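What follows is a single structure, written as structure tokens, with notes after it.
For clarity, chains are labelled A, B, C, D, E and F in written order, and residue numbers in each chain start from 1.
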């Protein structure tokens, strides 16, 4: 169960309105790697958690913090839209082309749909959807998803930081950038803990090795002509799970035969061979 | 530019048709973490690659292999649908309820839309879409996305392995499970290489630390009552980037004030205060 | 069964082309609360109607009118796109930045995909989809959906009216604004009629009160610190269904215990506790 | 900013696992009118609120409660999935067809993707997306959206109540049904308050009447042959806004002319008349 | 502008309810090639039509007929859902497994969301969306889209015909199958007329040949090892536009060089080469 | 199984960066009729092919070529984004409005998400999804889908050609335009071959004529007032399948009765008639 307090986790106040930047900022609120994604991902991982209590608790701690980030970004976007006039007429475009560019660059739904408020969508207006998130029940897999989300997310916030010269916006983003650093460190720590405890790095660690095709479990296949790919750590030396050596194949071939599918039954009305037509 | 040979990378032949299992298997072909996702993710990362040649080459190598996996799974699904009759009438349901259950459990689009062929969709029939993938230009971020994709993907194939007792199906899946192990090892290796080279683990490693709010960059906030979350590696000791100590806050509060938004201009026709109505 | 006549329900002729405004106007054609939504919502409510004949008839009357609105807006948009040149080259951007802003602000699909025609999409180009509509079979619920749709829809058309100074566009919109007023009045009337007839305001009115947790059916829980929310009609006085008194709780707590989920079976390969790993 | 406590707002414990019912229950968690929708809708209306403080507070109160409902339903679904075995083989279908039906009726993603956990999707596996919600800045419009959401939502929970005979499930649902009654009453109260204060029922109340086509603002057009629709309150008597009389037109005709669109410029490569081809 | 009459274009009355078949039938109502698709596609092509009056008229004729088909299928589906009980409890599954299979095979949204009514979605519950349709302004292109839609659509209805033994259902489908034959013939005729008039078969016929890379305009590239593809009409003889000879290349190579992309600017924070890190 | 070579099928090098054009070009990479669509459509038709070997081979040949087109367009887009600066600040907008227009017109995700790389999305940023493609198992139907895709696709590339004056861009597009001509000719040839072999033009050719409602199989219904539609080939003369005469009906009426649906069972909680309420 949740409680809300009115204070923001951190201030979210731009120095001046900027509807074009508001549109761009939507990416880290409602985009693939925005705050809604991490909030929902961590909360569902927490709600569904069947493992140790400390993992459930930690997931709900961080998930609850992400809700505060959603609130901060929604507030920041609403303020970037403060006082945006709807009625910049075409005539104005010719007398002030810079204004025209600004108005033309904003997301029209910020005016028409949300009445100068934030939306749960990304920087091209595409709505947030739950196929962005994963809660698989396997925490090593999921913590990797979380580390990835914080990595992509911080990268995007950093890019948005570079795209602004508004000290208020930059101040808020500098907080989020730091928190994303904290969360990368934390998921990284949790991953290391689990890898050590499960004594493996390959998810899931519980599948018996003799049931998989071990002969191909450490091969690298050079399928794009040119062998620059042989120069990496992935192509030679001991495998990362410490159980074998990486093997590089310059000219890999197929292991299987050509497939031939039988005809479909007549009631499916697929294409039949020349004879079979009545 | 690409070339195709008719042989499959590995055999994909079930021992008997099974339309219900065909539906389930769609998950790892066209789902969030299916083979289409990894194929498209690695190819776009490769096409867009502005970094060292060896990374571009390696991305295109593995991306090209994933195309072979798409082909194998499509073939396996088509064969699981071999000879599925359309015309199992309602009468049959009562004389053979097991048949009824089987027919009721298949994806109706396998009969109506694809004519007993595989589809680029998941196990509930939801179409594959490109918001599943990421190619950010930052390879450390993207390799984490790739490691996550292979982790979730292998987990799903393992679960599907557990759900089948067909030796042909299991043989094919055992190959994919092994290749996903290989790819987890490879992305892991590439990540380690980049972390070492960039001398940091926090993406992006190029953002100047003094521009972020360093005071909060290593804090853990206990926002879900109960302190089980203090028991993990993420709550104490040196941070994973080796630059500070983790700090655990039992009762974190807000840093910001309560936000108050100004009224919208009248032409937006938002709710106005009691007085302002004409 | 339907018939079409060539005349528009009302004139839809802008005074001059304006491809940027065409993009914005798409919102009320193919957006969440655009004319396609109300057309499809009312028609499906009508086709599925199992209640009194007069409701079915009325739904099909208004649904059929909305088809005329779809036609009007499609025509208006096509005309706003009249004579849009594709070949405004980059050079022109520098000699006429206002033109550049105009061309940059249009929806590129109006040129590339629809060949200067209207699309069944919204102002950011997101396609219309049927999850925008509801036909539940419970008419009191559905008429509330309809009243909401006409309220949101009229609000959006009004905002678009404010965004234009083209007398032709404004004339067409003034018609739609009036019809949305008519429809708000009509759904409001239908709602009142049903509330009176069913002698309740809570949907569904047919669920026996003793089966629900009546103790909490009129409570307001103050979960966001600060008690400004106690100042509204919803926090005190008789409930709107006239069956109880509103009750305001300043410091509500949980009624349930902490949930603990059991481990998943091993074949699911979720994270297991430290001991259980083999 | 938000805080979480471990206790559930209300108990969510089924008497026995039931994976088929788990699939159905997803509708009111992650469907069009599920708890995620109301949670996100109220929170965004609150975050964006530019009107009186009491509305913002009340929106955040109820939005925060809905988060608790998301948690309860996620927990309930996870428990309905407790101990679901993955490995019910085809052989079992023939020996126990009822089991076959049960297993065939579950959502395969509950096994393959979420590892026996709840998902942010509906009963057919379609992911939640933010086009389900609205926060328009006009509270009268939005409160109607909210009343509608609680009406559709309660209707769906009631239907799910009828579909279960599990006392634990029914107990949880009886709580949600009561809370949806409370919320219907509360939004209804807020609507009445706003209608009174704005002295109108037509959203937006701020658009000047002389700018709309008043001649058609109270007409009902009988466009579906048969006049049963004349029997309702919407067809006669004073309009609900008290400003005019409803008018019923048996044989309405068009007000506009036939539209004719000009040819597109040649560089668009649309179909041209016979002559114009080179 | 449109008018509706209460009569169906053709009877739509199943001999008995069948909720599982109702689910399947949704495909041809709200699927990729269902009746909503052709209705919307033809209407938008008509509304946007800038070419000869006869094409506009014909598009609106057929589009208006498709609306009647939407109505027929919605009615048929609603009737297939007549009297479906919600409360088939788990106990019943064991005493009547056939009933269990039937109930497990229905679309849960038909019970929970639409209250035993048709939905604008397909057979796996995926909502109809407007990316299914095209109205490009080039009628030769669009009539090919229409011929394809009627071909795929008739194929799907035929498959559904094979899947039913209900004489009422089959009667309705036999009407739709015949109308799809009529429409295939009609679009075929319109295509022939336009190809003759434009004196070409390649869309768009108006692009000057000297601006395209004519050297490759009639080549077939054998990129999938094995030359079975040389046996078709497409590999030899005069091209279908009569302007050249088909040319078959057994071992086609690239025409372009290897691409190398430059580094991104530092403010993008992409991966940089080892040196460049500060 | 697939192999990749580093060379592009054809050069893809713009004369200068142009981020606005990069946004537009996305349409033919990741849009409804872009290269990803044809690649996936042909590959899935090939993988699923149960008919003659030569069709399977040809589908995989052309599908494999389309992969090269995906690569070319991704490369072209990445290069159009070369050196795009993120940090064009608001101040610059006023000193250089043309620059402002350019920056305002680009897709923000090209900066924030993909780090100056191509995305698998269209010109409004909507992600590619697999409901764009069809592989039905009936090749005559599918080859019509393919001919349509190449027709719409070539039309869009031609429009983009008209929108650019960059010789490098035009060179690449002139290659794609020629290949789309080749593919239109090839699918046309394959269609003719199949129509001849199956001795019919109506898909599916295998459905027995006596099972369909033959009385309406060649009728044209004039449902949009005005008889311009009688002037086309579709309205008179022998039908295109040579089996009957087209028949034009000026005033078509319904063949079916008015539908009346029974009430829903009480446990569905639909609207009930006045009496039935308890």
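Just so it is clear, a residue touches a chain if its C-beta (ideal position, glycine included) is under 8 Å from a C-beta of that chain, and two chains touch if they have at least 3 such contacts.
Keep in mind the model is a prediction, meaning the values are calculated, not measured.
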item: Mutual neighbours - chains that touch subunit B and subunit F alike; value: A, C, D, E
item: Superposition of subunit A upon subunit F: rotation angle, C-alpha, nearest 5 degrees; value: 120
item: Copies subunit E and subunit B - interface residue numbers shared by over half, same or different; value: different
item: Intercentroid distance (Cα basis), subunit D paired with subunit B, Å; value: 28
item: Cα-centroid distance, subunit A relative to subunit E, in whole angstrom; value: 32
item: Between subunit D and subunit C, distance of the C-alpha-averaged centres to the nearest whole Å; value: 10
item: For subunit F, residues contacting two or more additional chains; value: 1-9, 32, 48, 50, 55, 60-61, 63-64, 68, 75, 78, 86-87, 97-98, 100-101, 104-105, 111, 113, 115-116, 124-127, 129, 131, 134, 136-138, 140, 155, 158-159, 162, 204, 207, 223-224, 226, 254, 261-262, 264, 267-270
item: Chain contact graph, described as a line, ring, star, complete graph or other shape; value: complete
item: In the complex, subunit A residues that touch subunit F; value: 18, 20-21, 23-24, 27-28, 31-32, 97-98, 100-102, 104-105, 122-126, 155-156, 159-160, 162-166, 223-226, 254, 261-264, 266, 268-274, 277-278
item: Residues on subunit F engaged by subunit D in the complex (per definition of touch); value: 155, 158-159, 162, 267-269
item: Interfacial residue positions of subunit C with respect to subunit D in the complex; value: 5-13, 32-33, 46, 53-58, 60-61, 63-65, 68, 72, 75, 78-79, 82-87, 111, 115-116, 126, 129, 131-132, 134, 136, 138, 140-141, 144-145, 147-148, 151-152, 154-155, 158, 161, 170, 174-175, 177-179, 181-182, 184-190, 192-193, 201-204, 207, 211-224, 226-229, 231-234, 239-241, 246, 253-259, 261-262, 264-265, 267-270
item: Subunit F residues within the subunit B interface of the complex; value: 1-9, 30, 36, 40, 43-44, 47-48, 50, 60-61, 63-64, 67-68, 70-71, 74-75, 78, 113-121, 127-131, 133-138
item: Interfacial residue positions of subunit E with respect to subunit D in the complex; value: 1-6, 48-52, 55, 86-91, 93-94, 97-98, 100-101, 103-105, 107-109, 111-113, 115, 124-127, 136-140, 194, 197-199, 204-207
